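Presented below are the structures under discussion, each in the form of structure tokens.
Each of the next two complexes has chain A plus one other chain: chain B in the first, chain C in the second.
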Partner chain A sequence: MKNIQILSILLFFLASTDGWAEETDIQMIQVIVSSQSELTTLNRKQVMGLFLGRARSFPNGNNAKAFDHEVGSSIRARFFEGLTGKSISDIDAYWARLRYSGRASPPKVIDNMAEILKEVSQNQHAIAYIQGQDPAELMLQDIVVVHTVDAN
Partner chain B sequence: MNVGILGRCFRFVSSFIVPIYGLHKQGVVLGIWLGVSQFSVAGHSLLDEWEVTGFGTLGYAETDKYDDLVLKRNITQRSKKIEDHGWLLDSKLGLQARKELNPGWDIVGQIVAQEKVNNSIENSIEMAFLRYQSDDMWSFQLGRMVLDTFLLSDHRNVGYSYHSVRPQTEFYGWIPYSNYDGLKTIFEFGDFDSSLRFEAFVGKTKSTVNIGYLDNATSYNYVKSSPIYGAGVTWEKDELTLRAYLARFRFIQNTNAINQLQLVVSDPNIQMAWPEARVIADDYSIENEFVTYSSIGFNWTPGPWHVQGEFSNVTSTFFGSYDGQRAYLQIGRRFGEFLPNIAYSYSWDERDFPYDPPTIPVFQGLYGGLKDNLNSGTVDQSSLSLGVRWDFASQKALKFQCDFATIDDNSLGIYPTQDTVEGEARNWEKDSRSWCSTTFDWVF
Partner chain C sequence: MQFKHLQHYVAMIMVSSALILSTIFSLIAYQINQGLAVKESERQVKSLMSAVKNTASAALFSSNEAVGMDAINGLLGTDVVYSVTLEGFADELTPGMKLESVHEDGGAPLNTITMKLESIFDQDHILGELRVTPNENWVNQRMHETSIPTIIGVIIVICVSCFVSTQALKIRISRPLVKVRRALKDIHGDSEERLSLPKHLQSNEIGVLVDGFNELLDETNSAFSVERGLRDEMQEVQENLEDAKAGAEKAAQAKSDFLATMSHEIRTPLSGVLGMLGFALRDPQVHDKTREQLDIARSNAKALLTIINDILDFSKMEAGKLNIEMVDFDLRNEVLSAVAIFDDMAQDKSLYFNLVFDDDVPKYVKCDPTRIRQVLVNLIGNAIKFTEKGGVDVQVSMLELSKFSMRLSFSVQDSGIGIPEEGVAKLFQKFEQADVSTTRKFGGTGLGLSISKQLVEAMYGFIEVSSIAGEGSNFYFELPMGRGDAAACEVEIREKKPHTHKLHVLCAEDFVTNQVIARTLLESMGHEVDIADNGRIALEMLLKGSFDLVLMDGRMPEVDGLEATRQIRSGVWQDTNFKQPDIKIVALTANVTDEDRDRYLAAGMDDFLCKPIDELELHHIIDDTINELLLKGRELNPLIRASASELDNLFSIPEVSVPEVAPVVEVKAPLNEAALLSAKLRTAFVESLPDRMKEITRAMIDEDTKELGRLFHGIKGSAGYLNDDVLVKLSGELEEWADENNMSKVRTAFNDFVARLKPYKIT
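Then we have the complex of A and B:
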């Protein structure tokens, strides 16, 4: 009986741990590129440079084209806040500054997950971000996770 | 917002490009037109995939709080109109259209409705340019572009993009020009750690300003500069931006006020009895004279903090111009949706009127009038601003701000006094004033 109790407690903790891990994975936002881009990883500064319009090319020299989620969406706020440590309002003000001075336009918006995956899998210049996908399954679609953002 | 119907967008852009300048006269417009036409001929429809966006500010300020001084945002606004309509001070609506013509080529147009002396459609177009990005480093722009001599110059109409209700008046309020027609070249390089951007421009510009309080013909002054040219460098690393800029403007004609002044002193009786009057009036002349603007600025945003400052020096080759040094420092800290901020700005201009009064008493009034003209170009004042920005929804912000300004003797270069009588001295003595303002800023 005592063994059963210990086993139950262990199972409870294992289940709890699994649940926590899943929750954590869901909270992580993955930065993805096409496997044809020949990229395997990007660091935080590189991702920031590409999504804030400061860089137009990947570190390997190939042209880069970033895609964004809809303004006002939860994932966009959590991605930029997790990536930059700034409020999404500051990011929006930053883009207003660039856009309306004629310097640059923010990344093109695709608000459909399937479309994002399709664009990234078919376009070696594309870079985007998604939430909570299995990297192995993404690999099957020729998509590579190059960075993760903790969007707690 | 992407709109697939170009009819509307094309009419929007072409309506200001073609008629405004006149294709026969403006090589700049012709260049843009030919460039765009090439893409059209190549089979890329001009009607598809325009990116149409906009920005707006709805504001109210206590512009009529005092009966001896009017709060103004800048000298292109009509003093009496602003005094009577406090909601006009900061309110504006902007519409922007951009289209990528081909990889490396795009066209941008922007029109802004706001309170101005000259509110024609042509004068409301802030941008209409063709850009060619030849590679990661070089880009070239041709057409009408916003002047970016100072940190906020190129987006000062977009209230959502900065924290205060308006750019610091001491630093930005006296600038007559907001855009120019010409050519700009940009060279930038760097890595993911830092970047360096060089830019140079040449072109011409014009504006109509209302310096002073009155609204008659000699109070609305048309100013025109050609050539204007300048260069700047911007260095960005992480959360720090440093910027330096140098620009030079040549004025090509006198204003109404100067012409009127010269007409008065051309009177043979005056010339005979007090020849120096003509010398003084001529010294005010801006025709073929130069103004040089130099500035350094920084923006630093460590964590939730926002710190920004600028210093500029203005020098001119003629007597009546704006002159002196300006500076400001703004500090803000974000607490969730709220960003309280404080700013202090200063403008130094302590020029004296260097001419002795006439010995003949009858000319004392004229002497006073001539002397008073210098006050219209004097900005010798400071402001302490306390404000808060509330980002209550996505791409929408409410701001509230109070300004405590000290205006030194005869400093009437931006804020006009109602105690103004044509041809007489205004005799403003150092005093302090406070105003509060609120705005709703958004982008769409």
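Then we have the complex of A and C:
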């Protein structure tokens, strides 16, 4: 809630300055789940756990399934860099280590925005990240933004 | 002890030090290496852990055990790791995990190294721990790998340094010392050499030692030189002493020789005087007054002879030539006959004279009778000489008696003037009398007691004197003696038979008196005598004439007795052969020492006769010579003095038949008559002697002078025909004194008379 307040203040500040606020909105990456998941918000640590293979369920105990963007895509790089503070090559090296043993299970990749939204809206276990969507519009598709990452 | 070089000793120390050091250093190196190896293992483990850290962290982050095991196996793939533990802590997202594994080859764990594993994405988020223990096996192996070269290196370094030190020591210290030792061997007591050392050793302990030795050497050298000086001095002193000693001995010898020669020179004419006086007294035509004068002259001559004999004895003692005989003899008889003369002397001074033998004193002893007699005569003579009233007691006692020996004491006690205390000490010294006035008053040489003392001591006895001035003296001596053999005592007595045959005797003698004595004695025995004035004449006579016996004086001018004897024995003289080179030669000599005897015997002489010539001895020698010549088959003229019938009448003996004797050439009286005469004479006299002696003894006790005169007359008659002139004379004197009623003189002469009869008591 605090983050949202900060964000609200930040958003208010940005809205009062002309043209710049919209650009800023575009930079924001939103972590989304199905509204059926009954989740309202997830902290950074929980998001990191779900996307980096540490957690396999949501805090309420329901199974979780993370979806990722294509490797090499701009959004993926910005998302993980923004989330962990590490470079994308570090993230790739992490996955490479896990893959080396042959039993790693990185998130499934979906490279189409519409596909992602469809998947999330229909699957209460799904979690993914998108860029620059209006949360209100998303609510209409039964998608809830539970976390945002400032990725610039 | 075996010599060992100092370098060996040093090397030994070095080697042992090297061993100890090597061991210590090896241990230290081992310890250090162990620490190093442990650290190395930790370093390697840590670096390995760092290498797998991200993988392990990823494994923990994603709770991926397979990845975790990969990381663990990767670590265990090296030998340095023993065990690995990977633990993930539980949190709200994961339940946690724990993976463990151990190195498949085993080993042992060391201290665990722990590494915290933080999340890759969040430095502050600790996911778990990686715990690894290094393997001890690896550490040990590593240690060995590194230690062995280290230890070998240390040992090599130590050994090399030891060897180098030893060599240095050898060259710098041991060798100079060995040189010093060699030099030391060559250094003698007083050599001038000194020990030297190289410079580097001079100022240390060795230098001090060598300096000390050199100083010692200096001191020794000076001591040696002092000692050598002393030795030279000693040598000189010794040589001087030896010279002095030789001089003194020579002087003493000269003195002894002089005394001996003088005594001899005096004795020779004195013998002549005594002999002549004896012959004169035998002459029945001599007037009584003249006879008396002759008698006094003879006793004076005898006294003089005693003194001369004393001096001769003394010089013999000085020269160490006094001989002590050991013969068996009848002690009582000997002492009795020795003291017989003093009865008369004592009576003349109105003194009593007692001789007492203790009952346990044995009859026969073994000692030197002549010397005992000499001592006794001397002591008793002194006792009588120095006693004016009272008398002299002589006592012979037994002190000890054992199986083979005994100890006798002789005591001569007088009641004379005695000797003052201070005189006693010098009494037995030579030429000393109690005081000078004694010599003036009583006369004497002062040699008597000195000689007595030396004689007693020569017989292993001692003599001492106790005296109170004015009351008398007691001379006392003790002698050890052997136990006498009765049989041996009797053998000596020999009969004096008239000679059966006439000999032709050559007498070589330069001294006229002795020539006369010899001639008189021999002619009175019925023999023919030729006189040679010296050895050369004797040899000439022997070459020309025929003789049966030679009497040879030792000392003669031109050719002496020894030389003459050697010539005779060699058989040739002046290119002419002797007829009888084996003729019997008898030495006439005044001084008969063993040395002289040996000399005479060596020259080839057969026998000795002492001068003054003892008639009896001469008689025996001629008797022996006759027997020897007869045994050799020599033809000799028989000798007869009186006819048998005359003798028969004289001894009132019936004629007896005697065995036939072979007739002899050139007879005055037939030989059978001579033999018969001789045998009869002797047998008759010997047979009648015991009865006659009994009669005489009885008459002596009764003091029947008339009877004694008759009996002595009878003996005198018989003795005349027995050819016993002495007996004739003695019995003649006794007859005379008996006729004069002089019993004391009869008693005095009686002992001599009895002694003279000894030979007749045994048949």
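Criterion: the second predicted complex is superposed on the first by the 134 of 152 C-alpha atoms of A that agree within 3 Å, B and C clash if a C-alpha of one lies under 4 Å from a C-alpha of the other, contacts with A are read in each partner's own complex, and residues count from 1 in each chain.
Throughout what follows, contacts are C-beta pairs under 8 Å (C-beta built on N, C-alpha and C of every residue); 3 or more make two chains touch, one makes a residue touch a chain.
Since we're looking at a predicted model, the values are computed, not measured.
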**Request:** Overlay done on chain A, so just call it for chain B and chain C: clash or fit.
**Result:** clash
**Asked** In the superposed arrangement, does A:Asp90 touch chain B (first), chain C (second), both or neither?
**Response** both
**Asked** Counting only touches as set out at the top, which of chain B and chain C does A:Leu52 meet: first, second, both, neither?
**Response** second
**Asked** Who does A:Tyr100 touch here: chain B (first), chain C (second), both, or neither?
**Response** both
**Prompt:** Looking at chain A, which partner touches more of its residues: chain C or chain B?
**Reply:** B
**Message:** Touch test for A:Val71: chain B only (first), chain C only (second), both, or neither?
**Reply:** first
**Prompt:** Residue overlap on chain A between the chain B contact set and the chain C contact set?
**Reply:** 45-46, 48-49, 54-55, 59, 85-86, 90, 93-94, 97, 100-103
**Prompt:** What does chain A use to touch chain C in their complex?
**Reply:** 45-46, 48-49, 52-55, 59, 84-86, 90, 93-94, 97-98, 100-104
**Message:** For a test of understanding, state which residues of chain B touch chain A in their complex under the given definition.
**Reply:** 51, 53, 55, 94, 96, 98, 108, 110, 127, 129, 131, 136, 141, 145-146, 148, 154-155, 157-158, 160-163, 192-193, 195, 236, 301, 303-304, 306, 334, 336-337, 339, 391, 394-395, 397, 443
**Request:** Using the touch rule from the top, collect the residues of chain C that touch chain A in their complex.
**Result:** 54-55, 58-59, 61-64, 66-67, 69-70, 92-94, 120-122
**Message:** If we count contacts the way the header does, which residues on chain A are in touch with chain B in the complex?
**Reply:** 43, 45-46, 48-49, 54-57, 59, 71-72, 85-90, 92-94, 96-97, 99-103, 105
